[in-house]
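Quick heads-up: structures coming right below.
Shared chain: chain A. Partners: chain B in the first complex, chain C in the second.
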Partner chain A sequence: MAARYDRAITVFSPDGHLFQVEYAQEAVKKGSTAVGIRGKDIVVLGVEKKSVAKLQEERTVRKICALDDHVCMAFAGLTADARIVINRARVECQSHRLTVEDPVTVEYITRHIATLKQRYTQSNGRRPFGISALIVGFDCDGTPRLYQTDPSGTYHAWKANAIGRSAKTVREFLEKNYTEESIATDNDAIKLAIKALLEVVQSGGKNIELAVIRRNQSLKLLESKEIETLVTEIEKEKEEEAEKKKPKKST
Partner chain B sequence: MATFFGEVLSVYSRAVEEDDDDLDDENEDEQIHREIEEKREVHIAWCPEVAQSLEDSGSNKLQCSDLIIAVGTNAAGFLSAYVLNTESWDAVGHVSLWNERSRGSSRQSIALLPGEPACLFYRHRDNPAVLVCQSTCYIAEDQLFQWTEKVFGCLQKRGLSVMVLSDSPVAEYKTPDYLYGSAVPFLRSLKSSASESQALCPALEQPNILTGLPAAVLSHCQVHQIPAVLYQCYTDVISPDSITMETYKPALLCLSKLVKGQPCCPVLNPR
Partner chain C sequence: MALASVLQSESVDFSNYGRQRRGFASGLYETELGLESVGGDSLSFALRTSCSNGDGPDRKIEFLHGTTTLAFKFQHGVIVAVDSRATAGSYIASQTVKKVIEINPYLLGTMAGGAADCSFWERLLARQCRVYELRNKERISVAAASKLLANMVYQYKGMGLSMGTMVCGWDKTGPGLYYVDSEGNRVCGDLFAVGSGSMYAYGIVDSGLKQKDLTVEEACDLGRRAIYQATYRDAYSGGQVNLYHVHSEGWTRVSQSDVLMLHQQYQSEKA
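The block that comes next holds the complex of A and B.
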């Protein structure tokens, strides 16, 4: 009894599934991990970077993209699909500035991206975008924001989140470690993002790319040296913690 | 593009090429596609004796004179009730696969829970050249070719003949005449050109077509000149239904030839 419910993705299966959307979510699950953290005066995006061959030139990261001066996004999934979404979002950001004479709010551009994704789940002949995105930035009033979208076109605001291959592990780490104290300073927020990625990234700092936006400043990509320094700090802190926990052998 | 009324329309030019030098990213896309493909691979697991026979055979093929495939819960139910109901059948293998609708047990054991969608192989103890396959799990379109190649790849082509029993909703049956309620469920048959068996029911009329696993199997048999006959049962009941299962009874005529000495072969009740 195999009537086809995924040929035209506009069709629901009898048990309420949209199989094309589920296929797209599979692609996201296989993409490299990305993490987003909302701090007090900073928002941080980190992505897992594949190892670069010894003699290969270090490439600038392609997975973290500015959508406007005050908004940027990272994605997990098919890069080819991401390019389309990013281009449309960038055009919309400028179009909004010209029409309304204000920069977009993070929620607005997230909603625009989510609506675009949803449209592709309800159009004949098109397949959904195989990406989930983490969108960070500051609104005009200075509020930091972090949103996540997925192939079905839903979006939610988060304090911290992860997408991609080991998203579950990273999210569990964040649930345990994201506290008001842990993001008290900008540096703390950045370190939390690195710590979260270190949980799942092989061979440490060289496989992490990090970007930050501070209030009233534009996107800044951290250099690998800065990341290495932070990783070393983190490892030192870990050792100190471990030392403290060791039972004192005094009488 | 700004319009007269102040709205901004997005216009895309296909003349503009994105700079395509991010090979790394394309590699990742390829890797994602590859991993998804691997996940969708079809695996056949045979029991140790059969695995041993395959190794010993030299050509990695089993001797098989008759392969009976049941696709769908009613076809499978028919075989369970009328053929596999004796002790003389051994479960010898299963096909495991993953797709969005068959999240597939990664369980390696052959004994799957009753009622769970699966694809199981049984062999007759006294006549080990007779294989029965009950397929109740959904096999995605991209997996059908793999399934057929892998299953038939284990069987000797010479002397093989295939019978397929398949369920189909009567809503998919196309006919210029009105179908009276009492006519449903009913059987239609389709054969490969190599098949010389007598028709036990009318042939499937045009423009009706087969899809899914039955179509893949019959196509394979046609291409490789294996005699195959298919009985498609059109029914108005989606769930397992005894009346639908009984509709397959004419097939017993052929099956009882294979499984001589079946103590519980029911008396045929011609419709």
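The block that comes next holds the complex of A and C.
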């Protein structure tokens, strides 16, 4: 009977792949880009805002969500799946506070989310979650953390990472430009995130949503004005750099 | 309360028969011995001694309400002192009971109430603590350990568990001391004494702790003295005084002193 959910959907292929999980990762690649950067005293999450229909209210769907005062996450992939994962994570954050009398560490909640995702790759009648998540925050002892999970249920810590559409391009940009100097101040870290997103986002600041967590403070979503200001700053800097290079060429 | 109906309380002189509430025991349930915790929260947590009076059902379970266990925080950690007598009514069943359970190298639990209940649940707690340590790569805090124990026994509330334990340890926030019992109480505090001899112990420790900044030696002596005095007056406490000291590196077993030896020692000091 169908009600028994006997059949597992995620089964091994002859050459050892879990195709459902890999298809889920394809779904993630279709989602809008998200980038996460771990600074010294700040963690930054930036997402590409998808263009909103004329009659649609802009603020209904936020891709950056707080899980607790000191942890937040951004995702790429199926929004509906993300809602479920975020709900469970939020409940777990509070359960942890209740039983252990301490806020969660970023690693703990990441592990919880990853375990949840893995469970769905090994269950009857269920498909994997089609999202990758970037989880950022500060631990009790003040260390900033950035973790990434994917549909298979694995998680890793990163200094900076990107997920979603054109994630590879953004990651390469970050690999070139993430240095200890480039994230020296909070502002620099934010600008690096914006620069990374500008690589792949069309039409500039309007389509970027940015959130930051500073040590001992809760999640702050940057207003579009602030983002615009930073974008103009970045473009200025770009022009200045381009001009510096010019005279050298014409000798 | 299921427990109250099982036990009939016969107590030492200072309390009444039956389940009368004492003035200062706000008494959640009937099984109180009317002793407040230090913070003045009017929680009653010490259990009465059981007796076989003949009016009640035959009690074949051996309880350790007749006991004195004590723990207090001080500058250099936590001192845990317990006696070692087990009684069944007026019969002394054993003089060499281990009432301190070593949960792990940095957590201790004391035993008052049902010996089986205490040791079983605390061993289970040890298992949980170890799993926590392995999963999270750091030691469990005393608050979390006591919470786990309290939650475990709360599920059996009303089913006749009898356990009054103090969870003592040292974690990253410093020394930790929690009282947890089978009623579901979980209280943080600086000083607890549990058992029929607790009143006498409180008297000694309260006066001894007036001077702040005890050295380890002084604190150990205070704990030892408090248990000794309790065994001197309380018929249901006696045997040896087992003394532990919990510090930042874990717990150390300081001493095991026979009460009669202590008696002679203190007498000669008086002279």
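Everything below uses one rule, namely that the second predicted complex is superposed on the first by the 229 of 251 C-alpha atoms of A that agree within 3 Å, B and C clash if a C-alpha of one lies under 4 Å from a C-alpha of the other, contacts with A are read in each partner's own complex, and residues count from 1 in each chain.
Simple rule for what comes next: contacts are C-beta pairs under 8 Å (C-beta built on N, C-alpha and C of every residue); 3 or more make two chains touch, one makes a residue touch a chain.
Not measured: the values here are computed from a predicted model.
**Q** Please tell me which partner, chain B or chain C, touches more residues of chain A.
**A** Higher number of touched chain A residues: B.
**Q** Give one of first, second, both or neither to describe whether A:E241 is in contact with chain B, with chain C, with both, or with none.
**A** So A:E241 meets neither chain B nor chain C here.
**Q** After the superposition on A, what does A:A27 contact: first (chain B), second (chain C), both or neither?
**A** A:A27 contacts chain B only, not chain C.
**Q** Of the two partner chains, chain B (first) and chain C (second), which one does A:E180 touch, if any: first, second, both, or neither?
**A** neither
**Q** Touch test for A:T99: chain B only (first), chain C only (second), both, or neither?
**A** Both partners, chain B and chain C.
**Q** Check chain A for residues that touch chain B in one structure and chain C in the other, and list them.
**A** 99
**Q** Okay, in this complex, where on chain C does chain A touch?
**A** Where chain C meets chain A, its residues are 136, 140-141, 143-144, 147-148, 151.
**Q** Using the touch definition up top, name the residues of chain A that touch chain C in the complex.
**A** Residues 99-102, 105, 108 of chain A touch chain C in their complex.
**Q** In the complex formed with chain A, which residues of chain B make contact?
**A** Residues in contact with chain A: 2, 6-8, 10, 18, 22, 24-29, 31-33, 35-36, 39, 72-73, 100-101, 138, 141, 167-169, 172, 211-213, 238.
**Q** For a test of understanding, state which residues of chain A touch chain B in their complex under the given definition.
**A** Checking each residue of chain A against chain B gives 1-4, 6, 13, 17, 19, 22-23, 26-27, 30-32, 50, 59, 62-63, 77-80, 83, 88, 91-92, 95, 98-99, 130.
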